[in-house]
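Each chain gets a letter, A, B, C, D and E, in the order it is written, and its residues are counted from 1.
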Amino acid sequence: MSSITISHLGAGYGKVRVIQDLSMEVRSGETVALLGTNGNGKSTLIKCVMGLLTPAEGSIKAEIDGVTHELAGMRTEDIVSLGIALVPEGRRLFPRLTVEENLTIGAFRRVARKVLPRNIDFCFEAFPRLKERRTQLAGSMSGGEQQMLALGRALMSEPRILLIDEPSVGLAPLLVKRTIEKIAELKQEKQLTVLMAEQNFHQALRIADRGYVIVHGEIAFAGNSAAELNENDLIKKLYMGL
Amino acid sequence: MPDPSAVLNAVVAGVLLGGFYAAVALGIAIAFGMLDIPNLSHPAFVVMGAFATWVLNNTFGIDPVLAGLIMTGPFFILGVLLYRLYHTCFESRGEAPLQGLAFFFGILFITEVVLVLTAGADYRSVQADYIGVSVNLGSVTLPLRMVVPFVVSIGMLLALQQFLSRSFTGRAILAVSQDKLALQLMGVSPTRIKALAFGISIATAAVAGSLLIIIQPVEPSIGRDFIGRAFAAVVLGGMGSFWGMLIASIILGITESIVSDMWNPSWAPAIAFGFLLPTLAFRSGGLLGRKL
Amino acid sequence: MTDALLVVDGLTKRFGGFTALSDISLRIQPGERLGLIGPNGSGKSTFTNCISGTLPIDAGSVTLDGRRLDGLPSHQRTRLGLARSFQLPRPFGSLTVAENLRVPMLYAGRGGTDTEAELLEMVGLGGKAAQRPGDLTQVEMRKLELARAMAASPRLLVADEAMAGLSNSEVDEILALLLRLNDQGVTIVLIEHIMRAVMAFSQRLVCLVAGRKIADGDPQDVIRNDDVLKAYLGE
Amino acid sequence: MSNLRFWACGLLLVLVGWLLGRLVSNEYAFFAGYSVLQYILLATAWNILGGYAGYVNFGTAAFFALGAYVSVALNKLYAPPLPVLIVAGGVASGLIGLLMGSLTLKLRGVFFSIATLALAIVSQAVITNWEFVGGSSGAYVLRPRVGPLGGSYIEYLFYTMLVMAVAAVALARTVERSKLGFGLAAIRDDEAAAEASGVPTLKLKLLATVASGTLMGMAGAPLPFYVAYLDPPSAFNLAYAVNTIAMPLVGGTGTWIGPVLGAILLTVVQETAMVTISSAANLLIVGLLMVGFITLAPNGIVGMVRKLRGDRR
Amino acid sequence: MTQNIARRTVFATALGGVAATMVRTPLAWGADPITIGCSMPQTGALASNGKAVLLTMQIWAEEVNAKGGIMGRPVQLVYYDDQSNPANVPRIYTKLLDVDKVDLIVTNGTNLTVPAMPIAMERGKVVMCMFSLAINEKFHYDRFFQTMPYGPDGKAAISAGFFEIAMGMTPKPMTVALVGADAEFSKNAVAGAREQARKHGLRVVYDRTYPPSTVDFGPIIRGIATTNPDLVYIGSYPLDTTGLIRSARELSFRPKLFGGGMVGTQNASLKGDLGEMLNDVVSYELYCPAAAGHFPRVAPMLEKYQPLAATNGVDTLGYYSPPFTYCSMEVLEQAVKGVGGLDQDKLGKYIHATKFDTIVGDIKFGADGEWTEPRMLTVQFRGLKGQGVDQFKSPSAEVILHPAQYRTGEVHHPMGPAAQ
């Protein structure tokens, strides 16, 4: 069992408040999409969950196997140790390490070290391209391959909850589609709880159970199903100014 | 046309010398190349390592290389503490580069003076069976005094290379300069990793110091002679790359050796450094550095 | 057709094995208000960097008012009248707000008659002249970033996501500012995610997806273009 | 400080220096004063590149020693008056700065720093092998007893240095407030943004390197007369590089007053330590002071004063 | 004394800036002291020598004061650390002379003395100088005196003995290699040797210098060996002396005669470190046990010096600087007593006119304040085994070859293997 409950969260940078009084939850085994265009607070929210940004107010509770942890105020390293992993926006690979080194470093977490060989095999099976390029430097790969590596690297830490920030960034449409499908596939195989921030609305909804639309740091709409979100006008207005 | 065996001898001597330079530069390759910490005082720690080796050798008759290895422990702790100070004062405030340089200049002075005050200004040297002995391989004469440091240096480099590429901590050290935030997302504390890596970098100074005192007697102020050479080797080698640094050290060594032997020793360091300027100007990534 | 102010022809940019921009061609008329859209990572910022000379290009050419810009360093392009603002504001932190404007005025002021004070007044930073950028709010910082670009008296201004992270009313402020500038004869390329602003501003819209130009034309047509919709909303 | 006040102060300083010189009977004041002024000049010169543009030069000793050795060489050939030697030393060091800068200023700052370190080592080797200026055995430069203005020669050296130091500080202050100063500050804060604002960064950095090198060379030109004997290890002494970096940092970079304050503070402390604690411990104090200052007041004295005044620069 | 020095070090270290008072040796008596000022390197490259010199001066002062001072007045030393940097020297001597108003000054080393010369000359002060080479050739100052026993022709004196011995060997040597460090003393030593070689009709087959920062001397020795010289004359500083000797041994380079003006072979720790590698090496000395019979007062002084040196981390044998430092101080003492005051003019004239009986024998100063007769000892190391300092206390470890009046043995050549 693994879930995240965010209540009355407020956060920002310096004097600028990006998120106000935001509450939401990700229940165990769900894939939840966080929708909205750039600059509305999706990344800020993700940063708060990962401890990269300390929230000004509110709480972020993570429940993993019956134990509840308050994430607000915890250090990133400790949050990762709980079994929460993030695939960051822009992938943030270690460009001068090889594919395999990038994967291995993903398994730094104690629990993950023991199952390193199994997880590497899993990644290579899931992403055959990575196996072909195992000795290549991560920085020299194409965008799609990099996104696969970033996903694989996050999985290496044996997470229970996976956060993904903008997986479609910089990818050609076909690759976006494949990446999104891959996420669904991995989630299934690894029994993960997934929170995915994504601007690509339709692609995200293909795999999401539910979704929240964030506008100016507040939840503008909470859709209990993909269909509900699909039918909402707010999205088109927000996205295309129509 | 110079005698081929003379050339061979000069080249071999240069390789051995370069191996020793690599031992001094290794710590800088880690601190400066991988962690972005401009530790100008590293050579002073090398001299401190030499004095520590002298104490152990002189009082307990411990073999210098072994003494150097023993001292890696205390030096590691010293390095961790120094990094903590550096981190709190500069890195965490985000004003590292310029102030950091001056900070390490200050540390260089302090280390030197502490040595003068505690160990005196006299020359210190160690005793070991291999000092003063040579072996002959065909027409090449190898003084063990240079061979032992070369072997230890290469050994240390290999061991560290293995540590960096095989262990989790090692890989985290390699990664920390590339993307601190991403490393945090792997569950690693960048500050802890950097402290550890800096500790290792200072620990290598203990070994390099023991090698230095095997090669020649030391007195507190000689560390300054190595600042230029060691930094040059690291920059020429492409900052974080051990192999690049080793090759650059050996190039420096061979140049010095050949120029000394065949032409005029007086110009040896200038020519070695002469390499550095054009390399910096036209190939700023160094000789070998992983591309990107 | 009048002579274009900026002509981009076959611009291509690669990073290692990754093609960030491929064969982009674009003409911008004097006085035009052009919107440049595209999902995150589609190459918009790389495009800005390539035409402003921050990044060298691998193929193609960039011409401003008949003058080839290829190989010219950024500062000369700025002096020729091509100014840009940065996506994340990059003010000169140790200088005051007024001094931030003085730098381009001194170095690229192409006979512009505005003073620092007038410019600051115009962008609404009138009272902040003596403050340091570190003390400004997010929106003020954006305004400073724009004001600094304007201080170079540009003929073409590339505004790179000048509104990201701002509130509705703040977006309107910046928008009004840009429109006023355009009134004064400055050609503007607006790179933006906030569609409301883009639609309100642009006379013409260009859409980049994965480093390719997939649409160029009337804004209303462009956002109804299937490819654009797909790129944004997915299939 | 207004322009008028600055120039008044500068003039006053020269006058007071001259008057004090008339009043003070012991020459120690001139020798010590010379050393303080020399470091004011060096620190100010370093700060033009290091403080204003943010490029750290480790090679102060190279520029400084070059000025000194040009002076030795010319003195041996024609024995021209000191001002001529100073100009020549400045020109030579400025040219080296130009050469060095055009090769390395395109690089990231840290590579530039390492390149300057290499420059110091190469130029020391060249001087060591240049027999005309004494090579490694050193050169004797016998100064006349009496300076051209009457009074002892060291008095003359002191006044010369006083004028140069005041002029350098005035130059630095002018640069700071000029178009060039704004350009350099922009480069220091954000090089890409500076380019985008039309600042020709490479040209300005070169200009700063040349100005800085020229002043360092001028600072070195009178040195042979001060020490009477010059050999490469003392001309290229590491102390010059260390002090000229430490002084602006301790005083505060980015403004003309910082290096001045830093130079005065550090030279006075070093001198006091040297003539009171007669052991190795004097260097320890200097080291500890340097480290202490840099860790506790990272923006130097100027930064500290500003903080106290509540200005958040 | 031990305690005094140790306490001072601790005190200065601990209190740092506050400890401004301990420079002048505190004195109990009321009489106005005679102050002797000097600049003495305590840090940097020359600290090793500077510390040994200072220690000897303190021993001397202690002894003089114990005997009741000079003319009833105690002596007091005022010294500052110039950090081995000549640029600090002018300030130190003007401080000493104009502010501290010391009565007498002493200087040490060539490049740390020259900067003091104009200052002393302008004030008409007697300069008692130690361990410098041919300074007064430039100044011709009649109140300058130097106690390093080079004699009137300094540059030649360093190498004269070596070449005289070499030319006495059979068969006569034909070729010589010259090598020296890029620094003041060694450069001059080699320049002198070049003259000597020409005088004796030797062919110079190698003549190079090397930078003092050289680490591996193997290539230099190889370079010399390829020219196959009969003699190798070296001008070097301590670290390179060690490097050159070690490399020559390791490469089994054994010319007929090897050595010369090598600084460092006089230093206890380097002697002990090189040990048997020194066998058959020829170098210079100012004093060694083989000469003890000629200078009976040196041994008792060194007995005082040696334990103090050990605790201060300086040269523990003290054959090099201490006897001649002590001698310089004795000359000053006798001159002040002889003149009956501190009048610098009279002191200068008195020192020129008098033959002094010192710890290192009778000396007389001639033109330019140098000794009238050179008295550098040229020695050859013999019969050393392994490493260790103590064996150097035996008169047989160093055989004096030159000058004739002190000779204790004949030259051994060609150079044998290290272990004999």
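What we mean here is this: a residue touches a chain if its C-beta (ideal position, glycine included) is under 8 Å from a C-beta of that chain, and two chains touch if they have at least 3 such contacts.
From a predicted model like this one, the values you see are computed outputs, not experimental measurements.
**Q** Under the document's definition of touching, what chains do chain B and chain C have as common neighbours?
**A** A, D
**Q** What chain lies farthest away from chain D once each centre is taken as the mean of the Cα atoms?
**A** Checked the centroid distances; the maximum from chain D is A.
**Q** By C-alpha centroid distance to the whole-protein centroid, which chain wins?
**A** Located nearest the centre of all protein C-alpha atoms is chain B.
**Q** Have a look at B-D versus A-C and report the one with more C-beta pairs in contact.
**A** Looking at A-C and B-D side by side, B-D shows more C-beta contacts.
**Q** Take the average of all CA coordinates in chain B, do the same for chain E, and state the distance between these two points in whole angstrom.
**A** 35
**Q** With centres defined as the mean C-alpha position, give me the chain A-chain E separation in Å.
**A** 75
**Q** From the mean C-alpha coordinate of chain A to that of chain B, what's the distance rounded to whole Å?
**A** It comes to 42 Å between the two C-alpha centres.
**Q** Quick check on chain E: which residues sit in contact with 2+ other chains?
**A** Where chain E meets two or more other chains at a single residue, that happens at 9, 13, 42-43, 45, 47, 182, 209, 211.
**Q** For chain C, jot down the residues that touch at least 2 other chains.
**A** In chain C, the residues touching two or more other chains are 16.
**Q** Could you list which residues of chain A touch at least two other chains?
**A** Residues 139-140 of chain A touch two or more partner chains.
**Q** Just spell out which pairs of chains touch, all of them.
**A** A-B, A-C, B-D, B-E, C-D, D-E
**Q** Could you please specify the touching residues of chain A with respect to chain C in the complex?
**A** Interface residues on chain A, with respect to chain C: 13-16, 18, 37-39, 90, 139-143, 166, 168-173, 176-177, 199-206, 216, 235, 238-242.
**Q** In their complex, what parts of chain C are in touch with chain D?
**A** Checking each residue of chain C against chain D gives 52-54, 73-76, 78-79, 83-84, 86, 90-95, 99, 102-104, 106-108, 132, 134-135, 148-149, 151-152.
**Q** Which residues of chain B touch chain A in their complex?
**A** 165, 168, 171-172, 174-175, 178-179, 181-189, 240, 290-292
**Q** Give the list of chain C residues in touch with chain A in this complex.
**A** Contacts found on chain C: 16-18, 39-42, 137-138, 161, 163-168, 193-196, 198-200, 209-210, 223, 229-235.
**Q** Please give the residue numbers of chain D that touch chain E in the complex, ascending.
**A** It comes out as residues 25-28, 30-32, 35, 125, 128-129, 135-138, 140, 142-143, 145, 152, 154, 223, 226-234, 237, 239, 271-285, 288.
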